[in-house]
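Next come the structures, one after another.
Two complexes come next, and they have one chain in common, chain A, joined by chain B in the first and chain C in the second.
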Partner chain A sequence: MIAYIVRRLLYGVLILIGVNIFTFLLFFAVNTPDDMARLAIGGRRVSADAIEQWKIQHGYDKPLFLNAEAEGTRKFTDTIFYERSVPLLKLDFGLSDAGRDISYEISQRIGPSLALAIPTFVLGLWASITFSLLLVYFRATWLDFWGVVVCVVMLSISALFYIIAGQYLFSKLLRLAPYSGFSEGLDMIRFLALPVLVALLAKLGPEARFYRTLFLEEAGKDYVRTARAKGLPERIVLFRHVFRNALLPILTSTVAVIPLLFMGSLIAESFFGIPGLGSYTIDAINAQDFSIVRAMVFLGSVLYIIGLLLTDISYTLADPRVRLE
Partner chain B sequence: MRHVRTWLIVIIAIVVILLLAAGWRSGIFSRPINSPYPAGASATNTLFTAFTQRSPKYLDPASSYSSDETPYTYNIYQPPYGYHYLKRPYELVPRAAAEVVAPVYLDADGNVLPSDAPGEMVAESIYDIPIKKGIMFQPHPAFARDENGDYIYHDLSPEDLKGIRSIPDFKHTGTRELTAHDYVYQIRRLASPRIVSPIYAQMSNYIVGLQEYGNFLRELDARLREEGRAHEWLDLRQYPFEGAQAIDDHTLRIRIKGKYPQFKYWLAMTFFAPMPWEAERFYSQPGMAERNLSLNVWPVGTGPYMMVENLPNRRMVLQRNPYFNSETYPCEGSPGDEAAGLLADCGRPLPFIDRAVFSIEKESVPLQGKFLQGYYDVPQIERGDYGVAFRVAAEDSPEKAALYAERGLQLPATVEQTIWYLGFNWLDPVVGKGDTPEQAERNRKLRQALSIAVDWEQYVAIFEANQAQVAYGPIPPGVAGHVEGIEGINPVVYDVVDGRPRRKSLEEARRLMVEAGYPDGRDAQTGEPLVLHFDAMGGATGARPQFDWMQRQFAKLGIQLEIRSTDYNRFQDKMRSGVAQIFMWGWVADYPDAENFLFLLYGPNSKAAVDGENAANYVNEEFDELFRQMRDLEDGPQKNAIIARMIRIVQEDAPWMFGYFPASGGAYQQWVGNARPSEMVRNTLPYLKIDTGLRERKIHEWNQPVWWPLGLILLLVLLLVWPAIRLIRQRERAVALDEEHS
Partner chain C sequence: MSQFKYVLLWTDAALYLLVIAVLVYVWRVRRTPTLRATWQRVLHDRAAMCSAIIMLVFVTIGLLDSVHYRPALPPAPGAPTNTPVAWSPVTKSLLDAVLERTTPAAERTWSAPLAYRQLLKETEIIDGEPVRDFPRLVHGGAHLDDPESQWTRDVLTRASLGLLAGVAVAVLLVLVIAAILAARWRLGFATALHDIFAGVTKVPWRAMLITIALLCIVMGVVGALATGYHVLGTDRTGNDVLVQALKSVRTALVIGSLTTIAMLPFALGFGLAAGYFKGWIDDVIQYIYTTLTAIPGILLIAAAVLMLQVYIDARPELFVTSAQRADVRLFMLCVILGFTGWAGLCRLLRAEALKLRELEFVQAARAFGVGHTRIILRHLLPNVMHIVLITSVLEFSSLVLFEAVLSYLGVGVDPSMNSYGSMIDMARTEMARDPMVWWNLLAAFVFMLAIVLSANLFADAVRDAFDPRAAVLTRVSRLRRLVRGKAGGKV
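Entry: the complex of A and B
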């Protein structure tokens, strides 16, 4: 297993290099340093000199990949790609184009992102699994039928609707939760209650329906019939036998997501004013701040690689028959 | 066992009910719980407002030029001048300066000229500006000294900055008096290649020696970069610069090339705010930038407020500068101000509010919701469109009108110095200048026909909800040169009927089309339909209804209008390269002077030629000559006469359809006093006051929580869960066969 993990990590490094190059190419295919300068300086009275000076001060006056005017290795090192993207491989995010420390800002924003994402994830998982197990328990009854109908309706509705409806109902009409905002300490609970509830409802439909399918498939197997024949109560059959064996596909979809919890939720953070990494990324895209964009893409890739690796490892824990070769 | 469990459930239920009842009696459940602020915040003398999208990018006065930065920069910094808070048209008043001075004009030999000397005789204008004595900088670690008088924080290493992430983290602060040297230092900074000031190019045309000083600094910076010393602090005081000097500690001298009467307005902008060298020295130290310690995050000024908290894209807090004492509330205003109670605080020292908290709101729904709940005193201080939006909503919906009336919202209206116009590219062969006199005449007739056909009154009614004034010329109301009423209409586009302007008929427009060589929208010679192109900035999906409307306007004359919409970057590229044919753009005045609008049509300002602001690349020799005369004149009848002639020229030539002047306004809670919206007066915060008692009461009244739906939901859940539990128990007790069938 150790050899497998090491091999996967090495593959991951190659993937990260590729992601780095691809992000760089994509970004500069649609944005030129002149565009970035104009946006950074502002739209009015921007002179050619101001653009040039901005590029010089921020290191964007160099060629993208190859500096034909330099000599030796400086042909490659005296370029925007080398100075901006290569340091990422040693996790040096540097400063944003606005001059702010990216690593520090990430460290400040991870907390609020996790404060929203972890309860959403844990409660969402618990609610979806419980609800789907209940549907399985009452399969082929009116409870199951209407439960599935509710799931289909819920998954058909956009998450944006839940946000707007949630704010309308709980913030405007009932005045039980603030519209938006964030605070530190225990006070954050009243700011997170509504976004967590909204996220939970948005995920419940699709996840419960998916888990129900998994559990039903397990519930039809011979060992389950044997357990029932032995006289075990149905809840023991479901929670102790069916649930555990249906865990593998659940792990596939959930463990890979865990590292991405750090990246935050774009929409929820915008609507609820939560200063997390999701809004940090979208702000950088709008401001064409390449330094932040490439840092967040890189970070997301690292976390995704870790997530997939954790998924593989968790298989061996959930199913002793699985070996990583 | 089952009995024990049942009793346990009953006991827990009773305890919960008793706790709820006790809570109800104590009033806990009737207190607002939806406040986004800590308990008791609304009782403090604090203004709560919002900023949208993101934190301001630049708070360094040499770089700051965006309107979202002005609530901070204009309340932290003190330029020499400002605008009178109440008087309209806008009037310059001294802020840090002791008075608004008139320049002294010198000829090429250094002789003093009279104040009405023609511009061509003036070689140099000298501004000797007296600075008020006793103005102190805000407390800041850059000024902190030890008992020996040495600066405590001017020799820091990155290790010394461990644990420090904001200015309040520094233990010691200091202050000193503002001097004229600080203004000189700031003017020097405009030329610094390390700051990239957007007005450097403009000011280097006017301030004596600034261009040369800037060139020197660029060479010096390049040399330092090559030596690997790019991060060394450049002490700008060391290098000679003659355009700005401190005659003494309280007299600032600025030397301007030629005659430039509009320069006084630049002195009301933060580009000319004072900058202490100590602050720049302090922030230039290694490790500062990495900790977000810079002038763009923690400005240093002498204004009524100072930054005490700056969480990027989250919250900013301004607090009263304890040393500020140089400005008072005005005792004069515009007609009606006294009756409105706006002069009640005459002579009182500013500011009235102790703190201002700016919170991020990316979406309009929570922003407006929290404003209506009382949690924002003003939606956004620098934006005038909220007041407009509320007024439009009230006009459209009686329920909303009733709600706003019940909440006592103040929604004052104004018209700002802004114009939206539709331009024809002078370089285009079809709609532009034309290569021959005959072609020029035909193109002019085409532009005039289109100016008649495009119904801007309808546009304002549909897309601006009547919250705009149709423009007859390029000068907005409130600026000298604008003519109200019938005398100011565009006679090319309007007739006067029964004393009111009426747009000329489509028949007139079609007649012009025939003279232009396009009867019924077809080329008279080739018979081909006339196809024109509208280059827009809305992107693929933006502003679709406006585009459709525009196409229908052109279709009235049989013209096909193709829309070429791109994102803003590509749009600007097209404008710079001069390939756009017809476009729509806006301009917000830097200062309330006709020159700041007429220069948008001045030939040498061509965008395609020199990346200037003349986006239509319009050229007219008579107009350009009049512009050169006009810009050197002080406001008065002579200047107005020239402006009138210039407006007449562009109305005839029609390089623009003049579009409209958008309305503006503010939205304030009933407890906000001295509210007067303005986009030109950017330091409005010190003039506002808050009735905190009224705010507390109203917030409490408007935000009573509604609990019964939660009880109803709980009941519904129990009604669903209970039968499910019973069903589970029945199933588990069921046997395969009952006794009867066994």
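Entry: the complex of A and C
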């Protein structure tokens, strides 16, 4: 088990190095730092001096991979690649193009992101499972049929519409919740109620339909027939047997998502004005701040790999028959 | 001397190729008994066939919008007769030409659906006096002398005329289709009509004909109203919202279909190679796609699009018209989405190839000394095509939804190109206005729901037909692809 985890961790580091090289190529090889400088300063007719100035200011004035003028190992370390990529592996994100400390910004914004993401995740899982169980309980009736129809219609609607409709209904017409914004303490609930509700509704359609098929698959198995044959009421068959067994694949598959909750939600945060990591990323995209985007890409990859590892471990914990080699 | 200069945009060419490919596939299906039997299950599904008809209408709109040309400019006054023709810098499509006939003039700013006055007050000089009022629209209700009293009657007349025309066309179509079917079934016309309306045909003709009739009626009413009004109002710059929604159909179709095509080379090549060769090739390919899925999808796309934008901005001389620039961006967006999205399909194909390579017919081929390339092309590829088909129809609707999110984030299509994402983005701030501007959002909502819902229903039927056992499994693997990496093979 330990040996397996260590091996997976090493594989994760290998993947992180791959991510690092890939994003570096994407950001610096397709376009030269000159192009970036021109974009940052704005306008097409920028003097060569201004470009040089910008590059020196932001540390882009070195060769990409190999510094022929330097001596010894400095040949490799005195380059953009080394200075921009190796610190990332130590989770040192450096300064953004606008000159602010990225690590500090992330530590400030991770709280609001989690305050939105965790309730959404927990309540969303609960609502989807409850709804799908309801459909399974009434399976092959008109309630089940129309429930699935509602699911299909709901998953055909863009998430953006849920947010806009929610803001219109609850903030403008009913005046129950503020349009957008965020504050600390208990007041937070007032601001977060609407985003959580909207995200919950947006996820309900696809997830409930998916969980319903999982439950139905489980309900077709032999042990369920046995349980029914020995005279257990349908309620107990469903909750004590089907539900528990179908819950395993659901929980193990959601484990991988948990680390990614730290990244926040891009759309919900920007619509509802929550100062989390999602809106930070969007601001960076709009301001074309490549340092922040790269830092967030790296953070996301780290969390993804942690998620992979957690999934593997949760499989052995949930089902002792699975052995990790 | 011709009046038009034909323009072939990148996405046009890709769409034409796609249509040809689909036609070739249909021809193949008709000749292959097994494929025909499978597709018959889709043909017998009521929801799928009704959605197919709706999709067909959207595809027709999209294809009309994919024939582009640049009209000739009228010769400059006083120019010598032998000067070469100057072409308009504006690229138009056949759909533009059709729409221009019904809704010619653009307004100055917002106006409500079917309105005859602008939404906002403006100061006008009437008889030398400045008057603050809602000005009349250039196009909407311009034919009315006294709109306050005539408006209701005019709208009702137009709507009922359109309704009548729609019903007439619908009845005609139903009769024509019934006659064709009667001839094909070798039945009397009355018997065929009776069978259709009793709903006893295997292909659900009754439901399909009802869908066609409803579509005819809706198009009739909307078309009749559009001759005198802006049916869905106008947006901030005074453009007809209905026209924008129709133009956005093409963007959605292009993103939904070309992206899948773009991911096929990677997914097929890598997936089959990994599954067939196993060993170190498999390890390398798995490493590549795990790395790719480790990067948060939206961020990767955003980064790639930003890079593309920098590239396009730095080389303005490559693109003659703004339509060309927007089109290249759309094309590249599809390629980027395909490049970032192939990992899921690749994983499915790898698993299938792992299974297939152990089967007798592949072993036999190897024993006969058939080369690797030939085995992959002749024996593996045809046997994984159903996975490719299922994935591409399932992906279509999620890609259409995804485009809206990307455009909202500012990394989607070019701002000058019509798309549902940019319509929603615009509508977002307009909802907070007073009086509220809701028609932009409504138009985007209705059109997107129609496209995505019909695509979803059709895709479900295709999946069930090609993989009845895996009706559950496909959903599982789609979720797995989202949340899990290499561990998939371990359990």
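One rule holds for everything that comes next: the second predicted complex is superposed on the first by the 301 of 325 C-alpha atoms of A that agree within 3 Å, B and C clash if a C-alpha of one lies under 4 Å from a C-alpha of the other, contacts with A are read in each partner's own complex, and residues count from 1 in each chain.
Just so it is clear, contacts are C-beta pairs under 8 Å (C-beta built on N, C-alpha and C of every residue); 3 or more make two chains touch, one makes a residue touch a chain.
As the structure is a computational prediction, the values presented were derived from the model and not from experiment.
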item: Which superposed partner A:235 touches (first chain B, second chain C, both, neither); value: first
item: Touching partner for A:38 - first (chain B), second (chain C), both, neither; value: both
item: Partner chain(s) touched by A:164 [first = chain B, second = chain C, both, neither]; value: both
item: Chain B versus chain C as contact partner of A:85, first or second or both or neither; value: neither
item: Touched partner set for A:113, first chain B, second chain C, both or neither; value: neither
item: Chain B versus chain C as contact partner of A:285, first or second or both or neither; value: second
item: Chain B versus chain C as contact partner of A:27, first or second or both or neither; value: second
item: Contacts of A:128 with chain B and chain C, given as first, second, both or neither; value: neither
item: Touching partner for A:172 - first (chain B), second (chain C), both, neither; value: both
item: Contact residues of chain A, present in both the chain B and the chain C interface; value: 31, 35, 38-39, 44, 164, 167, 172, 179, 271, 286
item: Complex contacts: residues of chain A adjacent to chain C; value: 14-16, 18-19, 22-23, 26-27, 30-31, 35-36, 38-39, 44, 152-153, 155-161, 164, 167-168, 172, 179, 209-210, 213-214, 216-217, 249, 253-254, 256-257, 260, 263, 266-267, 271, 281-282, 285-286, 288, 290, 293-294, 296-297, 300-301, 304-305, 307-308, 311-312, 315, 322, 324
item: Complex contact set, residues of chain C against chain A; value: 287-288, 290-296, 298-300, 302-304, 306-307, 310-311, 313-314, 316, 397, 401, 404-405, 408-411, 420, 424, 427-428, 431-432, 441, 445, 448-449, 452-453, 456-457, 460, 471-472, 475-476, 479-480, 483-487, 490-491
item: Parts of chain A lying in touch with chain B, wherever the complex brings them together; value: 31, 35, 38-50, 53-54, 56-57, 95, 98-101, 104-105, 108, 134, 137-138, 143, 164, 167, 171-183, 187, 190-191, 233-235, 270-273, 275, 279-280, 283, 286-287
item: In the complex, chain B residues that touch chain A; value: 32-36, 38, 53-54, 57-58, 63, 65-66, 165, 193-194, 196-202, 218, 225, 289-292, 294, 296-297, 311-314, 359-363, 365-366, 369-370, 373, 375, 569, 572, 611, 613, 703-707, 709-710, 724, 727-728, 731-732
